[in-house]
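First the structure, which I've put down as C-alpha cells, then a few questions once you've had a look.
Think of it as A, B, C, D and E in the order they're written, each chain with its own count starting at 1.
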Amino acid sequence: MTGWLGPEEWQAVGLSVKVAFWATLLSLPPGILAAYALARWEFRGKQLLNGLIHLPLILPPVVTGYLLLMTFGRRGPVGAWLEEVFGLVLAFRWTGAVLAAAVMAFPLMVRAIRLAIEAVDPRLEQAAATLGAPRWAVFFTVTLPLILPGVIAGSALAAAKAMGEFGATITFVSNIPGETRTLPSAIYSFMQVPGGEAPALRLVAVSVAVALLALAASELLARRAARRISGT
Amino acid sequence: MTGWLGPEEWQAVGLSVKVAFWATLLSLPPGILAAYALARWEFRGKQLLNGLIHLPLILPPVVTGYLLLMTFGRRGPVGAWLEEVFGLVLAFRWTGAVLAAAVMAFPLMVRAIRLAIEAVDPRLEQAAATLGAPRWAVFFTVTLPLILPGVIAGSALAAAKAMGEFGATITFVSNIPGETRTLPSAIYSFMQVPGGEAPALRLVAVSVAVALLALAASELLARRAARRISGT
Amino acid sequence: MSLVVDIRHAFGGFALDVSFEAPAGITALFGRSGSGKTSVVNAVAGLLRPREGRIVVEGETVFDAGARMSLPPHRRRLGYVFQDARLFPHLSLRQNLTYGLRFAPRGASGPSPEEVAELLGLTALLDRRPGALSGGEKQRVAIGRALLSRPRMLLMDEPLAALDAARKAEILPYLERLRDRTGLPILYVSHAVPEVARLATTVVVLDHGKVVRAGPAERVLSDPDMVRQIGVREAGAVLPAVVTRHHADGLSELELSGGRVFLPAFDLAPGERTRVRILAHDVILSREAPVGLSALNILPATVIALREGSGPGVMVQMQCGEDRLLARITRRSADALALAPGVGVHAVIKSVSVARIDIGGG
Amino acid sequence: MSLVVDIRHAFGGFALDVSFEAPAGITALFGRSGSGKTSVVNAVAGLLRPREGRIVVEGETVFDAGARMSLPPHRRRLGYVFQDARLFPHLSLRQNLTYGLRFAPRGASGPSPEEVAELLGLTALLDRRPGALSGGEKQRVAIGRALLSRPRMLLMDEPLAALDAARKAEILPYLERLRDRTGLPILYVSHAVPEVARLATTVVVLDHGKVVRAGPAERVLSDPDMVRQIGVREAGAVLPAVVTRHHADGLSELELSGGRVFLPAFDLAPGERTRVRILAHDVILSREAPVGLSALNILPATVIALREGSGPGVMVQMQCGEDRLLARITRRSADALALAPGVGVHAVIKSVSVARIDIGGG
Amino acid sequence: QAQEEVTVFAAASLKTALDEIAAQGGTPVRLVYGGSSALARQIQQGAPAQLFISANTDWMDVLEADGLIVAESRIDLLTNRLVLVAPADSDVAVTLAPGVDLTAALGPEGRIAMALTESVPAGIYGKAALSALGIWDSLAERTAQADNVRAALNLVALGETPLGIVYATDAVAEPRVKVVATFDASLHAPIVYPAAIVTEGDSPAVRAFFETLQGEAAHEIFAAQGFGFAGGGD
C-alpha cells in the first residue's frame, strides 16, 4: 500500500484529512450559531448574513480564493493584523487551507443545521423553559441534542466538501508540498502534465475511499442520534 | 445598466440563470426520490448510492468534468447512446452545462431534502394510511407538503451552487460564448490576466446580486411553507 | 363474529397476549394505563405487526402471521381516532375532515362533512389550521376525520377523554345511532365506565397485556369480581329492558324482568328493547316497602350473596326477576337490616340516578 | 391573593377577556372545550403574552402589559403539566423526571425523584424512552417532571384525563397533600367535576373566553345556575364538615351544620375540618322520617326553592343547618310529595354515595 | 547550506520536467505548481517563493514593475511551439497557409479545442496565429475554449473535437493525438517561459538551483519534453 503511493502523496492524503477535520470542527460553533440565528432570530441584515454565508457557493472558487488572499494574505488587512497581534499566519500555511476549506464548506453546514433547527418543536423548548431552564440551558439540553442528526449531516457534507475543495485553496494558499498541497491540489498538478492521468486517478481513488469511509461513519452516528430522538 | 456590462456579459448572465434554473428543476424529482430512498428505505448498496451522490462534492470539479466528458461526451458510451436514441447532444451545449451544474449541486439538494424527510413524523403518514390513502397518496398529500421547506432550501442551495459552478462545466462543455459561457467562466477568464480583477469583480457583483435575489425569494417561499406546516 | 383478535407480541419488557372474539356492535377495550389497549388497536389497524396470531375483521382476515399476510393499513378501511389527535398540520380543518373521503369506495354512504362538522361543533372553525385549535377541538376533528373516511369499522382510542360533559353528551348518542342504524362496528378504548356501559355490546378487560375478562357488557360490568378493575363507584348492574310507554311529564316507563321503572324520557319507541344500568351505590335497600319517598322506582328482590371488600362496604347481589341487581351498602346497614342470602328486600332506585348516559340500545 | 389574572388577548376570531383573583390552594379552571382554559394557563406560564393586562403570582408581578414587563418562563418557576405531555424524546424517563431539578434553587425542598416515580407507578420504566410509552404513562411522567422542578406554583392542564380511575385515586390524594402540607398553589384545568369538587378551593368558570362565574368551590359548585356548565349528573352541594370520630366498622362520622353523616373511613384526625360533596341526584327526599332503610344518613332540611329544567327533573334547593343542599328529583315526585318553599323534608343520603373523591380538606 | 530548501513557483505545465530535475539531487527544492496568474498574485501577497517560472510574460512583467523580482536575474528560460492536433485515428491533413479552410476539416458540427483565447496564454497565442492566417473570424464561432491547455488537449484526445491547438510539449506525450501541423513561430508573439529570482527569496541556494536549471543536464530533460531554448537550440 505504501508502495502504491509515494511519500509525497501520502503526505497529501494526510494533509487533506487534517485540513478537512479542522475545517469541519472549527466551522461547527459558528455554523450552529449562524444556523440558529437564521432559523430563529429576526434581525436587520438577516438576508445579508444569509447571502454572505452563501457567497462561497455562488462565486467561482478562484474568486473566493482571490478574496481570501487579498484579505488574509500577509499583506491583506486582516492577515497583517492577525500576524501582528496573534502571530497567526494563514497565508501559504495549512492553517490557511483550513480557512479556505471552512469558508467553502460553511454554507453547506449552515443549511443542514438550520433545517434541523427549524424542525425542532418549539413546544419542547417551551416545556424546558417552564421547568426553569434558562435559554442557554434550553439550547444545550434540548435543542442541540434534537438537532444532532442535522449537525452530523452538516458536518459530513462540510467534511466531504473540505476534502474536495481545490479552487479556493490553491488560489489562497498555493500548492506547497507538505504544507498546503492537499489531495485535490496534487490531483490538479498531475492533470496538468502529459501522462499525469494515471497517478491522478490513483489519488482520486484514495480520496474517494477516505471520503466514503467518513460518510459511512457519519451515517452510523446520525442513525444512532436519530434513534435516540425517535425516543424508543 | 446595459452600458455597465457588455452584451456578451449580459449573455453570460442570462445563460447562468437559465442553466441554474434548469439544473435545479431537473434535479428535483431524482433528488426527492434519492432523498426518500436514503431516508426511508433499507436496501443493499444504500451506502454505495450515498457515496455516489456525494462524489461530486469530494472530487475536484475538474475530475468530475473529466468523468462527465468521458461518459456523456459524443464519444462517451452514454453520450453516444443519447444522441443516437433521442438526438440529445450534451457536449458543448448549454444542456451539458445544465447536466454539469445538476451533478455538482445534487448532493447539496439531496442532503437538505433528506433531512426534511427524516424530520417528518411517521405517525402522520400512518394516520393518512388508516384513512385509506395508498402509499403514493400519502407521499403526495402528507409527506411532500410537510417537506416543502426542505425542498425549497435544497433547491436554493442547488441553484446557488449551479450559479457558481465552473470547474466541471468548463471541463465538460468548455467555454462557448452564448452556449456554455456562464458567468463563472467569464469571471475566471478575467482573473487570468493582469488587471482583469476589476471587470471580474463587476461580474461577481452581478452574480451575487442575482443569487441574493433568488435566495431571498427562496427564503420567502420557505417561510410561507413553514407557516403552513406549523399549522396556525 | 365481527372482530376476531388473537395475537401475541413482545416489546422490550412488555408482553402482549390477547385473544378475544366480539360480535357486531361496540366492543370496549378496558384496562389500566399501560395495560396494552392502544397496542391492540394498533394491531387491528395494521400499524403494529404482531409476532404471532391473526386478526379477522367482518369476516375478512386482515392479518395472519402464520400465512405471512398482513393487509396494509389503507386496505383495511378502519377509521382510527388516535389517542393523540394526529391532525395534518398543513391542511385546514375542512381538508382534514374530508381527507379520507377521496379514498373511500365510490358507493360508500355515510354522513356528509357538513353533518359531521355540525355534530362536532366545528362548523365555525372549518377554515382554521390545526395548530390554532384547543385540545378538545383537535380531538373532535380527529373523530370527524375518521367518521368521514367511510370505514367499515371504527377504532376509537379514548376519543372523548379531552371533552367536557356537555360535548360528550352530544357525541355519545351519535355513536349509538351509528351502532344501531348503520351497524358500524366500533372498537372503543375508554377509561370511563359510564361511556363503556352505555355504548358497549362487548367488554374486553385487559391487564398487563392479557385479557382478564371478556364478554357481553351486561355480564362483565355486573360482575362483582370486576369491582377492582372498574372502581367501586362505577360498579353496577346492566339490565335488559323494554320500553312500555312515554308519559306526559317527561318520564318514560320501562319493563324489567323484575318490575317497572321510570326514567327521564328518551327517544326509543314503545316496544323497543334497551338496557339500563343501575349503579350499586345508587341502590338503597329496605326490608319493608318504603312509602312517601321521592324515589319512584322500588323493585322487590331476593338477596343472593353478600361480598365484603376491604372497606366498610358490602356488595349485595340480588335476584330481581330474571336479572341480577347489585347494591353497595355499609356493613353497618347490612347488619341492621339483617341481610343474608334468601332474604327478601326492596331496592329503592331514584329514577334520575339511572342516568341518560347509562341507557342505551343493544 | 395567591394568583391575580387580569388579561385580554385576541386570536383570530377568539377573544380572551379573563379576570379573576384566587387565594392560596387549588384554583380550578372549568369550562367547555375551546373556552380558553389552556390560553389562560399559557399566559400565566409566560408562553402566551397577552395584549393587555397583568398577572401576579404569589405577590410577584410576572406580567404587566402596561409596564411592558414580562418575566421569562424560566424565571417564573411554575411547573406546567401540559395538555399534551411534551416529554423530551431524547432523554430517558429518569432524565425527563429530573430535568427541572438542576435549575431549581439550591434550598428548594420537595419530593425526591424516587418518591415521585413510586407515586406515579413509573419505577419500572425509568430507563425507557418516552417514545415507547403508553398515553397514560406519558402523562404521568409529565406530572412527575413538573412536580420535581420544585415550582412555587403548579399549572396542570387536564393532567388526569388520560388516566384510569384507579390511577387517579392514587394521584388525587397526593395533590391534596401537596395543597395541605406544602401549601403549593395549583392552577388546575379539568372537565371532571368530581376532581374539581374534591380539589379546588376556588373555581373559575370560563365560557367563550370570559369568566362567567368565579368564587369558592362550595359556592360555585352548589349553585343551581351552574347546572348547565357542570352537567346535571354532577350538580350537587359542597358542605364544610368537621370530623368527629372514626368507628371500628370502617365508617367515619362527620358533623355538618345540619346534622351527622357517616362516610367510609379516611385519614383525617378527629377535629379536622374537611368538605363533603353531596350530589343532587344522590339525594332522596321524604316528608316523614324514613325507617328501615339501608341509607345511614338522613338530614332534616327545609325547601328553599324548586327550579325546573327542560326535562322531567326538578332541582330542589334546601336549607340544611347553615348550609344548602341540592336534590334532583322528578317533577312527578315533587308533586306527589307536595314540595314547595318552606316545606320541611328529610334528605336521605347513602353514606357511600358521598364518594371518596368527593371528600377533601380545604 | 546544502540543507536549505529552495521554493520554486512554477507553471503547472513544467511539472514533469522540473520533478525530474529535482530528483537528480543537488539543491533540495520545494516545487509549487499552479496557474501563472495565481502564482504571480501569491508572490504579490508575500508568498515564500524564491524562484518564479511563469508560462506567461505578462505576469512576470507585473512582478518586475512591482519590484518583486530581481530584475537582472530575469531570463527567458524556455520556449515552446504551437501545434495543430487531431485524434490519433484522424486522417485530416492541413497545411497552415494564410486563408486555409479549417472549417472544412471540422465538418458541420465539429469544434476546434483551444485554451481560453482571451486569458490563457496558449489561447492568446492561438488566437493571434489564427488571426495572422486570416481565419480567426470564421473560426471564432467554432472554438471550444478550455480553462487550460491540458483540458483542450483532452478534448482532442477523447475525440470530442476533431482539431485542437496546443503546445508542442503537450502533444509529445499524448499518444491519443497526433500533430497535424506546427504553427510558424512568426504567426504569434514568441512563446517564452520567463524565470526570475524573487527579491525576498534571494539566496545563494536559489541562485545555485537557477544555475542548475540553465545547465546541460536540465537542458536535456527540458528538450526531451519538447521545450526549446531562447538562446539557441531549435
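As a convention for this text, a contact is a pair of C-beta atoms (placed from the backbone, for glycine too) under 8 Å apart; a residue touches a chain by one contact, two chains touch by 3 or more.
Chain identities (UniProt): A, B = Molybdenum transport system permease; C, D = Molybdenum import ATP-binding protein ModC.
This one's a predicted model, so the numbers in the text were calculated from it and none came from an experiment.
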Reaching chain D from chain A through chains that touch each other, fewest steps: 1
Number of hops, chain B to chain D, where each hop joins two touching chains: 2
Centroid comparison with chain A (C-alpha atoms), farthest chain: C
Same or different contact residues where chain D meets its copy chain C, judged by the half mark: same
Chain C-chain E separation of Cα centroids, rounded to whole Å: 90
Inter-chain centre distance, chain A versus chain B - centres from mean C-alpha coordinates, in Å: 20
Between chain D and chain C, distance of the C-alpha-averaged centres to the nearest whole Å: 26
Residue numbers of chain A (touch at least two other chains): 62, 66, 188, 191
Numbers and ranges of chain C residues touching at least 2 other chains: 84, 132
Sites on chain E at which at least two other chains make contact: none
Pairs of chains in contact (touch as defined earlier), listed by label: A-B, A-D, A-E, B-C, B-E, C-D
Complex interface listing, chain D residues touching chain A: 45-47, 72-74, 76-80, 82, 84, 86-91, 99-100, 103-104, 129-132, 145-146, 149-151, 155
Chain C contact footprint on chain D (complex, rising order): 11-13, 31-34, 37-38, 83-84, 124, 128, 132-137, 140, 157-158, 161-167, 169, 191, 193, 228-231, 233-234, 247, 249-251, 262, 264-265, 281-282, 284-288, 290, 292-296, 311-313, 327-334, 336-337, 348, 350-353, 355-357
Touch list for chain B against partner chain A, complex: 47, 50-51, 54-55, 57-63, 66, 107-108, 111-112, 114-116, 118-119, 149-150, 153, 157, 160-161, 163-164, 166-167, 184, 187-188, 191, 197, 200, 204, 207-208, 211-212, 215-216, 219, 226
Contact set on chain B toward chain E in their complex: 62, 66, 69-70, 73-76, 91-92, 167, 170-171, 174-176, 185, 188-194, 196
Chain A-touching residues of chain E, taken from the complex the two chains share: 7, 9, 12-13, 15-16, 30-34, 38-39, 41-42, 44-48, 148, 150, 169-170, 172-174
